[in-house]
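Heads up, the next two complexes both have subunit A, just with different partners, subunit B and then subunit C.
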Partner chain A sequence: MSDSRIDVKKTYKMYLGGNFPRSESGRTYKVYDGDKNLLANACQGSRKDFRDAVKIARGAFSGWSARSAYNRGQILYRIAEMLEDRRDQFMKELGPIGFKTAEAEADINASIDRLIYYAGWADKYQQVFGSINPVASSHFNFSLLEPTGVVAAFAPEKSPLLGLASVIAPIIVGGNTCVVLASEEYPLPAISFAEVLNSSDVPGGVVNILTGFREELSEHFSTHMDVNAMVYTDKLPQEMKKSIDENASLNVKRIINKPIDDWYSEEAQSPYFLTNFQETKTTWHPVGF
Partner chain B sequence: MKYPDFNQTVPIDHVGVEERVSRLNKRSIKKDSKIQALKMALSMIDLTTLEGKDSPGKVIQLCQKAKRPHPAVPDLPTVAAICVYPSMVSVAKNALKGTDINVASVATAFPSGQSPLSMRLEDTKFAVSEGADEIDMVISRGAFLNGEYQLVFDEIAAVKEACGEAHLKVILETGELHTYENVRKASDIAMHAGADFIKTSTGKTSPAATQPVTLVMLEAIRDFYYDTGKMIGMKPAGGIRTAKQAIQYLVIVKETLGADWLNKDYFRFGASSLTNDLLMQIVKQQTGHYQSLDYFSND
Partner chain C sequence: MSDTETKEAPYKPTSPNSKLDFESVWEYAPAPQTSDFVEVKERYDLFIGGKFVKPSKGRYFKSTNPATEEEITEFAEATQKDVDKAVKAARKAFEGEWSRISAKERGKYIYRIARMIQERAREFAVLESMDGGKPIRESRDVDIPLVAAYFFYYAGWADKLEYAFPGRKPKPLGVCGQIIPWNFPLLMLAWKIAPALACGNTVVLKPAETTSLTALKFAELVRDCGLPEGVVNIVTGAGQTGAEIVNHKDIDKVAFTGSTQVGKIIQKSLAGTDKKYTLELGGKGALVIFEDAPIDQAVEGIINAIYFNQGHVCCAGSRLLVQEGVADKVIQKLKDRLETLIVGDPLDKNTDIGAINSKEQFETVNKYLELGVDEGADIYQSKCDIPENGYFIRPTLFTNVSQSNRVVQEEIFGPVLTVQTFRTADEGIEKANNTPYGLASGVWTDKGSKIFQMGSKMRSGVIWANTYNKFDPTSPFGGYKESGVGREGGLHGLAAYTKI
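== the complex of A and B ==
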């Protein structure tokens, strides 16, 4: 083979319903590495893309939430396995955006561990957070957790892989489906992560990943009436935060905002994160009949 | 009136039909025009419940929806008609008293049409006597595919007679007719036999309404109008679920037959799930927020 072969650059697209479409708007934006060299073009998602994604996520919800908790755990574990398998690809992607080899390695390891952590919780959180309640009348009274529905999320800006995995895992393990906006500055690992998801038994539509600008999309994320909860972990500008909170009141979306600086730390993983996306249903059942 | 020879076939340009439809689908309808189109589509809906589990309660509930499609938006049109089985006609008639919403009923052994003609006529007469304003009948597809066009013609004419004052919609069940030529021929037979409307499908078989089939039928209506001066209505039914599709249909009608056909007297949608998508789109246009089905009634 001749030495003058031209490098084939990967085209990064979005991930919707198990497919990799371009943005409906046809727009793209440039993604640079740490030294301001052009890395790739990413899709600049639009309001319509988001709407499509929510529709897809809603469609996938009933199937995903009806799966057994055990099965969802298996699938999360499978994502971890596939990520393990694709280590090299992520090493190559994290390198140019400022991760030293050891750091990139640590980031991938932590991402795999995090997925397995939540996979483990899949069939256990119900025991821990559900309950049988003592009541004065002759009833069994028990509280169960049920997934809230479609969750929209802003992935952390500075932690394109570990942060992304840490946001997605607690949402989907409890039976929700999600639409995630990837890190604006470093969207590439998110799309590669989508390839991992796509090859690891996650049904299409459970996780949908958009790339684009937060500034542009935050209003649509927060106003969509078919989104049941919204999560972000970065410190957003005061104004954006305020408008998200106000918009969320339209359909009383839950807003989960927990700033996390260090995604390696213990505070970045917790079974309580899972309960952020669960609704408690309490059932009364008469006894003695 | 001179009847054409139904043994002759009107040639249809298949590629041309599909090409024309796909070109019409590229129209972009936005802002005020979109709101107008959405409301127009809503006013053309035949809200339908045709299930074995239909009960008076369910029909009454559907009638409420017909009268006030979405209580949160006051200036909405009502739908065109409620479509039920003959046994539920009187229930619907009662529930719709004082409105101009019609009650349509599927008679003639819907959806298969496989029972003796005398029973189908009885079925029709019963629905009319219960107060149905419109009758949706199915043609004998078996006879049609067998080439017994005269029989099909006579049956439609007989049902038309049994209808009396009520309007007759003739369901061709295009999914079972296989070719556009057959669709065209069945349309011609139905119109000459006295149909007030021709309708694509029962909604019980697949494929149901498609846009190319609708275009073929609309062109049959156009030719019939040129021949006789009589305006026949069109009703695509089944498979139309989104507001976007509905607007595409309106464009096809406008471009094939003109604005005279763009009202509920000459164009209907046989679609139930379409209603909520139209409502969601209308509310979206008003509030600027994409909607959730959580806020719209199921039936």
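== the complex of A and C ==
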């Protein structure tokens, strides 16, 4: 009997509807660390996986958007709590892909802080960006913000945790649901982040995370007729950017593209990111006896 | 009070027991608005860099009065070269004089425009009705007062932009290309130009080819008010001219109001660029009438929702969803009310419904009328007289339609209403939301809590509760889903014209 223990390696699957399924396609791709050692086989998500995810996200939309702002804020804060609690796990995720200890720590700290930043906006953005409109006629008229619906997102390629959290938080805090494609090169922290989400009161289906290839999925992300908005934050190759923008016109998708180089910077967080995923609804009612 | 006195009480029409019959109570003598005081030139050139200039290819196209089918004037057709010239003029103005003027002074120019519109309101109203076919009652009481109001409203924002965008220092975008439709020609111009100027941009605007007259009159006003040359440029032409604007490389932002079909083409053309855009596109608004609604007001609301401006309204309430218990009553009252609508000369002050804007649109609406019948719907049209010449369509409603009918799903942009019923609120919501559009919805009920619940469940940018088709410059307007991107009006409308 040997006393050397074989460690148990995690199987990295995707995150759909609060579950962790493999890709329906059965395909995987290899993920390496900085020294070209195999870290894991990540799922290579397919068009069908994406379509399933959109369906799940649409199903979750009415429930999530109907939650009170207070409740959504608390749930975002809870994600931050869970992330704080699992720092070690993410140190282990980020280390092998090139983050030095201090960098990994900074990345995790910034991710936690970012979630809390948006948690705080949950019950405030309506007051800042909604309005009562002093119309000239005898009507009571007000505008409020409502989530646009299902948002498809490409998470930043080079910031697998902080970038991911920074993309997801402003989408969901305002009541949208989303389907996010994780960093292609570094997909593993995204799946561990899914575990954080899954243990932090985020209802299944609000955030769905796929792993796979941008090149393969970008057409499907942008052509899907039940996706209301698509966001990408990297500077994509011109051809891919153009084709995503073109496809968006099929159903007048909102395209949000703001390349961000430094996810630690002040410009990487803003209530205006949140309002990108909001529609303004104006309601009129006569005033009189 | 004796019996005899009671008998002599004036006849009061009631419905549905006795049909509405206004004509035996009031006689409608013709009440034409004179138009001899307005000056229409034989031909209009392009307005570029503060001057009227001839189009480079020398081509002009004719503009007709849809109520008489007579030619009114000719407009220049702007080609690529002309559009380029206009963009250059706008760029020069943006980088030159306009950027040096303080925000406060910028605002004063816009105030000046508002005042000049008020001063010439009568003239603008008459021209709007002559060129576009809308009843003078509407151009005089709705369009032109609102045009002035939009300029007034946005004028005041010019020096207060930092309050509109908390935490930001807004900057203008640059040159804005703007393309507007034919249903509210001057109003759409105001919606586009007023916020653009307030934020410090310059503009190249293309009015619709069938309704360019008031835009060129506006150009005269721009010249008269001393606005620096090139700040506002107006180029006329059809779709090709619009495409030249959209595709011009030195335009920073495109603002378009029009059909979803064209909006999609524009969104596609802008793909891969960093130009900003706002799109105000089509709609298929639902009117949800509950059993507890004040029925007579609801009927008036429906009339206003769909027959206002001949139904040429992107947010027109073109789908009536009425709760089953009151359906027969509502439909009967609606038919009775329809019979009282006067269709005819847009310049007559009695006219409720004017001319369909163009021959092309006249044919489109007629095609849908045939289509509705072919799909098995029951058609009802009022029996009023309509003029022999001109493009007139009687107010129409379709009953016995289903959700999948094309007349229910597609935007007709004419005085055509479809009527469906529902039983529960959930069914009403389901049907209301079941089109690709999301611009506007109406709900009628006496119960406040129901209004808020319906209002939050209906996926559209505007909810009119117990009213319809109301507009105000302070009030954001724009659609969900395929009804567009962005908002116009209110401080939300400013966001589209600034870098924040």
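For this structure, a couple of remarks:
Just so it is clear, the second predicted complex is superposed on the first by the 286 of 289 C-alpha atoms of A that agree within 3 Å, B and C clash if a C-alpha of one lies under 4 Å from a C-alpha of the other, contacts with A are read in each partner's own complex, and residues count from 1 in each chain.
As a convention for this text, a residue touches a chain if its C-beta (ideal position, glycine included) is under 8 Å from a C-beta of that chain, and two chains touch if they have at least 3 such contacts.
The structure presented is a predicted model; accordingly, all values stated were derived computationally and were not measured.
When the shared chain is aligned, no partner comes close enough to touch A:67: not subunit B, not subunit C. With both structures placed on the common chain, the touch criterion links A:87 to neither subunit B nor subunit C.
Between subunit B and subunit C, more residues of subunit A are touched by C. In the overlay built on the shared chain, the residue A:51 is in contact with subunit B alone; subunit C does not reach it.
Within the superposed three-chain model, A:251 lies in touch with subunit B and with subunit C [touch as defined at top].
Of the two partner chains, subunit C is the only one touched by A:141; subunit B is not. In the superposed model, A:226 makes contact with subunit B only, not with subunit C. Residue contacts after overlaying the shared chain place A:238 against subunit C, while subunit B stays out of touching range. Subunit A residues 250-251 lie at the interface with subunit B in one structure and with subunit C in the other. Listed in rising order, the residues of subunit B touching subunit A in the complex are 288-295. Across the complex, subunit A meets subunit C through its residues 128, 131, 133-137, 139, 141, 143, 146, 148, 228, 238, 241-246, 248-252, 254, 271-272, 279-286.
Partner subunit B is touched in their complex by these residues of subunit A: 51, 54, 220, 223-226, 250-251. Of all residues in subunit C, only 149, 166-168, 260, 263-268, 270-272, 279, 281, 436, 451, 455-456, 460-467, 470, 472, 474-478, 480-485, 487, 490-492, 500 touch subunit A in the complex they form.
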